[in-house]
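Take a look at the structures below.
Look for chain A in each of the two complexes below; its partner is chain B in the first and chain C in the second.
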Partner chain A sequence: MSRKVKANIISITVSLLVTILLTSLLLTVIGRNPIQIYSMLAGEVFGTGYGFGQALFKATPLIICGCGLALCFQASLFNIGAEGQLNVGAFVMSVIAYTFDDYLGLMVMPAAIAGGFAASALWGLIPAYLKIKRGVSEVITTIMMNFIALALVNYLLIEFLAVKSTVRTEKIMEVAFIPKLSEYSSLFQGSSANVTFFFAILLAILMYYVFYRTRFGYEIRSVGLNPVASRYLGVRTNRVILWSFLIGAGLTSFVGINFIFGYKGYYEFGFSNNLGFTSIAVTLLAKNNPIGIIFTALLFGVLDYGGLAVNTAVPKEIMLVFQALVILSILAVDKTVKIYYLKEE
Partner chain B sequence: MIESILSLTFLAQVLRMFTPYYLGASAANFSERGGVINIAIEGFKIISAFSYAFFTLSFGNPFLSLILSVIVSLLFSLLYAFLTIKLKINQIVTGVGFNLLMAGTAKFLMMLVYQSSSNTPNFQQIPGLPFVSDIPVIGKVAGDYIIITGFALVFISQYVLFRTRLGLRLRSVGENPEAAETLGVKVRLYKMYGVLVCGALSALGGIWLASNQSSFSDGMIAGRGYIAIAAMIIGKWRPVNIFFACLMFAFFEGLEITLQISGSFLPSQIIQMLPYLITILVLIGFIGKTKPPAADGIPY
Partner chain C sequence: MRSETIHIIEFRNITKRFGNFTANEDISFGIVKNSIHSIIGENGAGKSTLMKILFGMYASDTGDILIKGIPSRFRSPLEAIANNIGMLHQHFELIEEFTVFENVILGSEPVRRGAIEIQETRRRIIELIDKYNLGIAPDEKICDISISQKQKVEILKLLFRNSEILIFDEPTSVLSPVEVEEFFRIIRKFKEMGKTIILITHKLNEIKELSDRVSVLRKGRLVYEVDAESLDLDLLSREIIGQVETARIPQAREEFEEKEILLSFRDVTLKKDNVEKLRGITFTLSSGEIYGICGVEGNGQSEITEAILGTERCHSGELIINAKGISIVPDDRIGKGMIKEFSIGENVMLRERDSIRFDKKRIRLKARDLIDKYDVRLSDETAALESLSGGNQQKVIFGREAGLDNKLMVLVHPTRGVDINSSAFIYKIIIEERNKNKGILIISSDLEEILKLSDRIGVIYKGKIVSEYIKSEFEFSDDEVKKKFMTRIGKAMIGAAS
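Right after this comes the complex of A and B.
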């Protein structure tokens, strides 16, 4: 095992331990027994098929969005705009789905998915263009585009497309739904976990292959590490930046598959509930590695559903604190390991 | 419609809404002038607004609560400074983490202490200046300590940044830290000053918003921390320009509220979008060129 891989394992383990420690401390301070809370969480998530299914269901969009973000982050593009991109994409996806399901039948699904992808990618085009042509930091533009996206979708919904006195679109036809896992195994009875989960796993594996086994992936990582050197090596950096941004943003729209086709059948304003930001934590924790993202997303999925499970003992918002602590401690521990173990700086 | 915009009440409202924007934008500016990007202004406002609610509901003394909430924000700023300046961690991801941490903590504590996911109980506002605050309409602006601070800050920050040794050094650290260090400037110390001032000023903005609505509620900051950053960019990192940018955004917000009341020709979502759209247009280069401090965001 190379020193670098060891360092990664060390920093992920240590930062998780630090987070658990800090959270336990917080729980103790407010007069709760941490062991009791953790065992309650574990019992609910791993002891019941329903709880486990819910955790998978919550992990699914995190894997998908994480893969999209990893593509940007690998190219050193700080895409903070996933929240906006995925909302635009999922919205367009649902509009296409319920508008054309009468004409296209089951073919409506690929059409809707393609449309959603295009919409999200288009939303990523503006920051990418500004980055390449004007040298404007993508951080600021993606943040701004988040707000524009949410306001725009909200406007279109309320003024034109929403079902009366709701903030959601019309429902797609029943046959277009993706099967739930509970249809195959009674273990998942009642949970919303659906086949999209396996699609997400496949996507992660595909992304892993792209990053580490293809020329495009090599170019992305090389631009991410050192754009100047890459240019001298003949990599067309601007093209790499453009495509990673477009595809990365586009992929975030696939979270709509889980919610629209796998769960509710419509787009609902606020469905993402900060998913675009939580995914940043998931991706960073996995060090932009798609296979790692599967595991970190599962961890966050467990926490997400686990929060509901322990809600009677401690407010479920404790998981928001936990997730934020994970991201900050991985950053801090990672840097410390770099300085003292890898002696990089 | 036109009458309601041209009224004194409307003007007073704009001047009031200006305050949290300018405090936030000025906060971000002090940090970035020292070369540290802080996209967590939103989170700092959230945690200090909640702290203010918590302290004032617990102790009842608004001024004590104000000081305590600023201290809370400063403690978070110290942690931010440690991570970004001492450990040199990427400022953007640290900022994202801080936003999640501070928003999450506020939500968690609100649920824990007040058993509500939406808002705290009501409390008294910060009392205004004696006599002045009793004047109708104007009193609500001219009698408010934080609003006065906000307006004074335009001059203070202009003076501090461009007319004092502290400001010169802070700017030199943000423009060219190597050169500054060669001249004997303690680069990291000045960066920390910037981050701390940023924490204190954004806290004031959050506290004002909480005091203004007499409670803390989930989502009450409503992106004002980000709009503040937008105002800083449009204002080209210059206190006076930022003043006009904030005034413009405050006007939009006042307009949005007025239109909601009087029935609108423009949907409110479009007005909500305006600050962000304008920022994008400025960045594209349609409305003048904008250039951040040279070493902005680069750890040293």
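Right after this comes the complex of A and C.
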């Protein structure tokens, strides 16, 4: 293990400890016993198959969206637009799915996934084009595109496509559903966790391979690290920016698989619940490493479901505080660890 | 001459070292009040260091600076400014989105009762603009004005802070010929108004037209000082260059029957920000030869590389590149030559462009290959390039580029910041590559290097090759021939070639 990897593990561990400490402080201040809360959370999440399944279910879209974002972040493209991109993609995915499931049967899934990917990628094309051709910062364009995406999807739903007096599309037919984990093991009884979780893990492994074992990955990282030198080394930087943006945005649409095919069977407005933003934290916490993203996403999944589980004892928002504190302490601790640990050489 | 003149500034035995490198060694001279004093010397001669010491950016190791007879040691530029010393840097420090007025007062805003005295300050600035004929409008935004106007804003900043001693660091390098004339006029006006000007320069006409006195620095020492009126051009050129080791590398040079032209510039002009950086440059490079371009930095060297690589478009003229790929060793090793976070093998693979998969085994193989062939010293072949020494980094870049087997190679400052052993090794590689019938263009401000390596030499001055020499001219039979040649090439480099 190289020193850098060690330093990363140290800094993540230390920040987690700092976060737990600060959260405990907060819990004490509001008159709760932190140990009691933590053990309640652990008991709910790890003590029951249902709770564990729910944590996996919550982590799945974070892993998927995190992989898409990692692709952008590795190229130093700060894509803040995942929330919009994934909604456009998931919406298109569901529309294709329920429209064609009669004709295509089971084959509707690949078609819907491809369509969703294309829609999200297209949504990413706009900021990519503006960046390459006009030098417009992708941070601003992607933030703005979020509003447009949500408004557009909302409009299409309400005006044309939603089931009457709801904000969701029609349901796909039952056979097209992805099996739930509970179908294989009674352990996960009642939880929404489904096979998409394994798909997400595979995606993360694939992305890891792309980043660290292929030319495309090296080119993405080199553009992210030093665009000038990349050009001198013969990398076509604009092309790399374009493809990382398109594929990165496209991948975010895959969160729809978990929700549409694995859970509800339809697209519902608001299903993402700021998933696109939480994934930014998940990705940054893992330092854009897809394998790391699996773990940070699981952590956030545990906190997310754990928040609900302890809601009777303490407001579930405490877990949002926890998430925010993790990010802040990582930022603060990371520099310090790098200075003291890596400088010793 | 004025033997009993008052020195407004006096440098006394100034020495400044950076590690093992001596940037200034025992420099002593005086600057006469209300004069224009030029300081000339090659890149790295120590001019900027000396000025930075005067301006409080560095502290000298030993020695004193007397200002108006009083020993002064400024701990920061702010102290220097408070003592009426101003410095115009080569890189401007302006806020693009602010107006001229805002930029000028920034940092020394006249405040009364918590508010800036706009009216009065404005009047003062307009007065200064008129007095020195600067011709800039106080309300224009910096991003809307030209480079020469930006320079005037910087000058205005100095005037606003009541600078009496003005240091100009290569002020004309960003200006077009017409603008230079205007700049000269402003400088003369300063003198008229009783100010003292220190001019760091590389250009002979600036010395001849403007200066009262010239000091030549070489390798950190003051080697020559003279009143501009009694300037001996031959002597000046030689003093700037000094003794140069010219013994060529003994390695045998193969001669090739069939030569083809790989690179040809014909009357190429290239503009940047409306300033002509290349002004009708003409030269050719054939296979099996090394063409060395020497000259003072900033005369169009970097634009030659940019034109060849296509990162800047030529404005007119004809540029022919007769090679499929170009191997390039850029000037900025870390910023342009490599991805410093990647290992040797990864950098090689990235550059070679022939494989889609980057498996660890191949990366290691590539690294080992290069390490053996180019004698790279390191403890861990998978380590990031940033952990290697400068000399080893340069060997990696050389090995990588030579390995590409492109017929055309462009090498910029091939051994800058590289230790002696690595330099010698790199020279050996360069000759070897030449003997493979490759065409090699070397751009360097190190004359010794150019003389050692080249088959032909071109001197660049103001975006043009002003003189060319073939091998026989710089294979000296005796010292007299060498002395003559050094005078000629020295004059060409500062624009005094006849």
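Quick notes on this one:
Please note the rule applied: the second predicted complex is superposed on the first by the 340 of 345 C-alpha atoms of A that agree within 3 Å, B and C clash if a C-alpha of one lies under 4 Å from a C-alpha of the other, contacts with A are read in each partner's own complex, and residues count from 1 in each chain.
The definition used in the following text is that a contact is a pair of C-beta atoms (placed from the backbone, for glycine too) under 8 Å apart; a residue touches a chain by one contact, two chains touch by 3 or more.
Please read these numbers as outputs of a predicted model, since none were measured by experiment.
When both complexes are overlaid on chain A, the residue A:L130 reaches chain B alone and has no touch with chain C. When the two structures are aligned on the shared chain, A:R213 is found in touch with chain C, with no touch to chain B.
When the two complexes are overlaid on their common chain A, residue A:K335 makes contact with chain B while staying clear of chain C. Once chain A of one complex is fitted onto chain A of the other, the partner contacts of A:I280 are limited to chain B, with no touch recorded for chain C. Of the two partner chains placed by superposition, A:T99 touches none, neither chain B nor chain C. Chain A uses no single residue to touch chain B in one structure and chain C in the other. Put simply, chain A touches chain B in their complex at residues 30, 78, 80, 126, 130, 134, 136-137, 139-141, 143-145, 147-148, 151-152, 154-155, 158-159, 277-278, 280-281, 284, 314-318, 320-321, 323-325, 327-328, 331-332, 335-336, 345.
Those residues of chain A lying in contact with chain C across their complex are 212-219, 221-222, 225-226, 228-235. Remark: chain B residues 37, 39, 83, 87-90, 92-94, 96-101, 103-105, 107-108, 110-112, 117, 223, 226, 229-230, 233, 267, 269-270, 272-273, 275-277, 279-280, 283-285, 297 touch chain A in the complex.
Against chain A, in their complex, chain C makes its touches with residues 309, 311, 328, 330, 335-342, 346-347, 349-351, 353, 355-359.
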